[in-house]
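A, B and C label the chains in the order they appear, each numbered from 1.
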Amino acid sequence: MFSNFDFDVIQRALPYLWQGMLTTLWLTLLAMVGGIVLGTILALMRLSSIKAISVPAGIYVNLLRATPLILVIFWFYFLVPIAIKHISGDSYAQGIGPFHSALIAFTLFEAAYYCEIIRAGIQSVPAGQVNAGYALGLTYSQATRLVVLPQAFRNMVPILLTQGIILFQDTSLVYVVGLTDFMGAASKVAQRDGRLVEMYLFAALIYFILCFLASYTVKRLQLRITPPR
Amino acid sequence: MDFGFLTQPAFSGGGTYLDWVFSGIKWTLLVSLCAWVIAFTLGSVLGVMRTTRVWWLNLPATAYVELFRNIPLLVQMFIWYFVVPEIVPKALGTWMKQGMPMPEFWSAVLALGFYTASRVAEQVRSGIQSIPRGQTHAALATGLTMPQVYRHLLLPMGYRIVIPPLTSEFLTIFKNSSVALTIGVLELTAQARTISEYTFRTFEIFTLATVVYVVITMAVVVLMQLLERRVRVPGYIGTGK
Amino acid sequence: MAMIEFKNISKWYGSFQVLKDCTTQVEKGEVIVVCGPSGSGKSTLIKCVNGLEPFQSGSLIVNGQSVGDKTTNLPQLRAKIGMVFQNFELFPHMNVTANLNLAQVKVLGRGVEEATEKSRALLTRVGLIDHAQKFPGQLSGGQQQRVAIARALAMDPIAMLFDEPTSALDPEMINEVLDVMVELAQEGMTMMCVTHEMGFARKVAHRVIFMDRGEIVEDAGKDDFFGTPRSERAQQFLSKILHH
């Protein structure tokens, strides 16, 4: 069945695919860092006892989690240039391409998912720990920073990384706004050379190898953090 | 915001833009529900296979899960649509390309169903494995065979435990059905984009689509909470909240 | 021939040996108490009897059948040996009667009516007939454990295994469970009980087995054991648990 395969096409396209992979990796890394930072803020907001803080955060998170990622990508592809124009007053919105709007979309979208992971992590730290912190005279922000978050993040590292692997896979959806990530590059070559079978199977193989190795590493890490009993 | 354009006759097809929206909702639901049938049945079987200690059941199920969850859905969608007809036996491939009705739809259903099955399998597996080993021991100690233990204890308890995670997997399938637009299924997100291109009412139509997704999500959540309450085990904390 | 006969049973978890060359036997009608510090292997030993814990060497004959033998029909053997667990292990999604009926119907092939009649008789016996329709989660620990004993008895077992049946109970509930066990012992049931309840042992046990680090250190008649334990380890253990 592979008799009329053209493996050359893959070899010739490698430099182009590598450029695409760099885009994918950058997008994943930046959106992950941004998503975790923003997600932490959202999680702390959601856990606040002040309604004016917790309710908006809750609405934001639930809204984003109920909306398909592709629609969110479309939303920001449409909104980001408008917002930039509005802020900078520059009607041409120089330098804002699909990469930036995709990065903003992914960061804001992932933040909603990271928020829920981080919130669960914070809630898994026993209340006695906070009370012990208060009893030593720590303030709320000290107890959060020095006692709760370090413990919460230690428990969460595997889940945060797993979410990162999902994000890595999800970035392939930037295809819909024509951004040349790894999948975009593979798809462009596939259509240009009429070699869809080879290119898509190759893309699947690469994604599989990377994600499999990454999840395996995370699993090993998880075993080290929580030793089996 | 002005939604008046929705009742205007659409660029093509004879109906209004609102008709396009409804058609999009219909395809979104059809893709999601058909894919869910595959994901739920196949995922359940695979999940149960992974909890057994029989290697020829466990190993293939593990391989399936690893393969299907480590390749992005978009890539799988393209493979079902573009690649599979090329690598199956020639007669079948020709039929898939020319004779098969709604090739985009069925490719999307298969891709989404087989992809989500790997996630359902993991939920079912972890649900069953969260039942304490002592329970299995107690059932075995009364003389039940392992298949009977699954039938009367592990599956009834396991499925109660996984109702909440399976709800969220269903919502994931529902949202992921939008990926079907990449192979030409005109579901809700695709219709929203098309309407925005024809009318330039991007803000309004995206808002409408988002609201539809949110409303359906909330409806599913409420329904599943009702189901969860119905099958809740009295006095047992593990299920429901 | 003894009803349960252990011969040189050894078991390893990886390189860690949990049972070391254990040899003992339980005669028909005998009540044996197995005690020892935690991690001494007593629960593992008792779970070998009905094949819940496999072992790597030695032989174990129960009612004339070899447990370690691959050709032994374990479900059939288990149906004859009742077992009560530390954490009760009632099935949470079934009510009390259904818990008692399940194996009667599915394993013994009794009709639902016959099984229910049997279940109701046993629930009356353990004083819980009023709770027949409740779910396990709605009962106290002591009540759950009595249901668990009734569940085991419903199979008309030829012997009963108890794995620390009172360890998970609040102190005020221990006696209601022990009373049922004492009654059983006095009726002549063959019993092998892992427990720290030395009062129970003094009252009904015929023999006491003391285990430590996977070994059977002491295997003596009740009076010998409580009178003059031969090993120092057993003496230390006894002085620790009897002084409070």
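Everything below uses one rule, namely that contacts are C-beta pairs under 8 Å (C-beta built on N, C-alpha and C of every residue); 3 or more make two chains touch, one makes a residue touch a chain.
Bear in mind that the values here come from a model prediction, so they are computed numbers and not experimental data.
Asks: Need the central chain here, defined by C-alpha centroid distance to the all-chain C-alpha centroid.
Replies: Centre-most chain by C-alpha means: B.
Asks: Would you mind checking which chain's C-alpha centre is most distant from the centre of subunit B?
Replies: Of all chains, C has its centre farthest from that of subunit B.
Asks: State, to the nearest whole Å, the distance from the C-alpha centre of subunit A to the C-alpha centre of subunit B.
Replies: Computed from C-alpha means, the inter-chain centre distance equals 21 Å.
Asks: Could you tell me the distance, in whole angstrom, between the mean C-alpha positions of subunit B and subunit C?
Replies: Each chain reduced to its C-alpha mean, subunit B and subunit C end up 46 Å apart.
Asks: Would you mind pulling out the distance in Å between where the CA atoms of subunit A average out and where those of subunit C do?
Replies: About 53 Å separates the centre of subunit A from that of subunit C.
Asks: Going by the contact rule set out above, which residues of subunit C touch subunit B in the complex?
Replies: 47, 50, 52, 74-83, 85-87, 89-93, 102-103, 106-108, 134-139, 148, 151-152, 155, 161
Asks: Along subunit B, where are the residues that touch subunit A in the complex?
Replies: Residues in contact with subunit A: 66-67, 69-76, 78-79, 82-83, 86-87, 171, 175-179, 181-182, 189, 192-193, 196, 202-203, 206, 209-210, 213-214, 217-218.
Asks: Using the touch definition up top, name the residues of subunit A that touch subunit B in the complex.
Replies: Touch list, subunit A to subunit B: 1, 62-63, 66-71, 74-75, 78, 169-170, 172-173, 175-176, 183, 187, 190, 196-197, 200-201, 203-204, 207-208, 211-212, 215.
Asks: Which of the residues in subunit B come into contact with subunit C in the complex?
Replies: Contacts found on subunit B: 132, 134-135, 137-145, 148, 152-153, 156-157, 160, 233-238.
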